[in-house]
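Chain naming follows the written order as A, B and C, and within any one chain the residues start at number 1.
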């Protein structure tokens, strides 16, 4: 389904989506974040500070609650998320491509009921990038594109005073049907303009991972390279790179106790991070990834080798958040290029 | 004006003569104009060093890392480590020495004066560049000059400088082995604690709303703690990700370790984390502002630290990092210390 | 597998035995389902055990799959969850979910000589294989168990090992000589060399401290065992058990899914991140 929507009518479209909870990027506290829409939206954001992964994989998820009176068996109460239907507007193509990657992780081998319960109620309304929204964008070199529709339910393309609106999935069609009368059919000239806008978008220069196809084998060959420690020399071991990433999925599970006797608490999943020192530390104190070099290697290899070996695609979608966010200049593009250009 | 070549020449000579084993400084990064920490050991690499308005980092953090690494290897430091330090950075080094983290002779401080300016705040700069990214930034007197695809952009430094630099009272590394640039102590670009004052002008309820809002936003990536040279504890009481366990740590110790905060980034846990950190920095924080710069979600962490800093200054006349031999705030008692704060 | 993989089933502790006392205390627990039945498992698989309010821990199942009534676990007191296990009493209720991981290809080993080489608490993960092989004694040729502890007080499953002697060669060892000790004195890898096992038509299964495994494998290679004939298990920190939480990977594989059992032929090609 392909339609034209006048830009000034986007708020009317959103108003018509009464069956959905609509979120869109808003500038607050100096950063762009997804916020529930109340009133007018603007889709002129660069990219959001955090990826939209939290809609299906929130930073904190309660698995179940438990209660136990001493001497009696514990009582467990399963808490599966019951979320309303979400429509997330303004999702950039890189973040769209993050969605199928997260779907794979949470459904490969065993299905994750919490992720899926949320995921089935989220529709992603993407916005093509007419020009790279960040100086650290590199989607083209990791198999993506500023006009990719992968993972999106609807794709919007900014054509001046109009959006070219394309439904990608059934969920996307439903969003458009909810406001049927607002859209018009694209003319031949508008179809032509779309092609031109997309062609220009793809032609914009971006940063580049030089050898994405060779990366898995080369990273594997350079596993023991001294480059890792050298490149991680400045790493402070914080969680910015992975918390902002659209495809980082690592998590921790902990019991949070609200009351000791009688015991009352919740088992909770929270985002975790391969850059934290205790991430892989055994109870004995032995740590298979003891230093920042080994941890940087894990992050990069996971994105560009392990995931590729498991699923046939790079996990990194080239959004550049980890580069922009790093307080000490660790740059995944530079890292991958250095390692792949290093004679193993 | 500082001549960059002088810094490079100094680093090269000292490395070549073996007077320092490493020079920790700044080099050009690969993300636009930004500098990044550099660890120079080869005299031939000394020309990588840069000095420009994006040299934000408080590199004394890496002196702490170096010390931990040496302890891990059970090695003595040998030759001192050279470090490029701004005024605030040098004061951090002094605090670390006051706390006996390392000795004066272990460090060779290559001081750099911020003179009339300081470092740029990228968030303030962005609106001036019309969406373009600067590929270079240089000091030029009271201006910063940026290079973008549109050409050169000259801006008065004070328009795009970090608050911490505007409010800085001593933009000069008093403690140094060698120093470049003029001492412009006494310059006043903004009133000290100006940002804090603006915040405090609000009503109590508004202040609580302000902080509740920000405490809710913290994602607990621990960047503020990780980037802070003063947060050197092997085990941070309020951060669950550091817990040094060795083969000697008993099961009891591990089992009984108190978790002051949960892993969840919820308001109560974030308050405990951020407030405890601020308390632990009282009299130690030299307002390098790195915690606030590193924060990926713009929590105004500096306000918390500034508050403690101002209390120390107004109540006790205390200036963190003023002198190596001087007393530390919380480990010293003077007869004339005020008592009103515990009433 | 149940719909919600993260929701544990309740199980009651039916039996507790102190195996080893002191700093590296080990206790054995048998747990039975509170309702219904527990999952079936294979030799070498693990289960995620919970003590509510304390957390979860991945523990290898030490009982044979042939035993359906209960699952057995031998747990060394090392950290937060395992210490809580050591405070349990018979009748207490815990959580259990699983089974996780791959298993020893025991059926492929029929008609072969089996050598089990364990050290410390490393006897527990291979115990289901030993007991299954003994229960199906006719399927296998010679079965030999080498097992060592630091001292005689560190030897677990003492009574059970003595019972095995009817149908299996059992060689016990301790690191340093002690009065009254009749077995071998010295490290486990040396104890193996001492008996000079024959690699012909044989499989060697080893589990124990990493340093022991390393030298056992070196010695087995010296004796002529091929890498394909040597099996071991590895461990890593785990949270989910289903390859999602992202921490137990060695290279592209999550140990909780593709491990913990590896032949040395496979394992030696993996990065040493365990």
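Points to keep in mind about this one:
Operating definition for what follows: a residue touches a chain if its C-beta (ideal position, glycine included) is under 8 Å from a C-beta of that chain, and two chains touch if they have at least 3 such contacts.
These numbers come from a predicted model, not from an experiment.
Chain A has its Cα centroid nearest to the centroid of all protein Cα atoms in the structure. The chain pair with more C-beta contacts between its two chains, of A-B and B-C, is A-B. Between the Cα centres of subunit A and subunit C there is a gap of 39 Å.
In whole angstrom, the spacing between the mean C-alpha positions of subunit A and subunit B is 31. Measuring from the averaged C-alpha position of subunit B to that of subunit C gives a distance of 49 Å. The multi-chain contact residues of subunit B, meaning those touching 2 or more other chains, are 254. Looking at subunit A, one finds that residues 252, 254, 272, 279, 281, 283-284, 286 touch two or more other chains. Annotation for subunit C: residues touching 2 or more other chains are 78-80, 82. Across the complex, subunit C meets subunit A through its residues 1, 3-8, 10, 12, 34, 50, 52-56, 78-80, 82, 93, 95, 210, 235-237, 239-240, 242-252, 257, 271-274.
Residue ranges of subunit C in contact with subunit B, taken from their complex: 23, 25, 77-80, 82-84. Residue ranges of subunit A in contact with subunit B, taken from their complex: 29-31, 49-50, 59-60, 135-136, 233-234, 236-240, 243-244, 252, 254, 256, 268, 270, 272-273, 276-279, 281, 283-286, 323-325, 327-329, 331, 333-334. Per the touch definition, subunit B reaches subunit C in the complex via residues 250-252, 254-255, 257.
Across the complex, subunit B meets subunit A through its residues 29-32, 34-37, 39, 57, 61-62, 123, 133, 214, 217, 219-223, 225-227, 240-243, 245-247, 249, 254, 262-266, 290, 293-294, 296-298.
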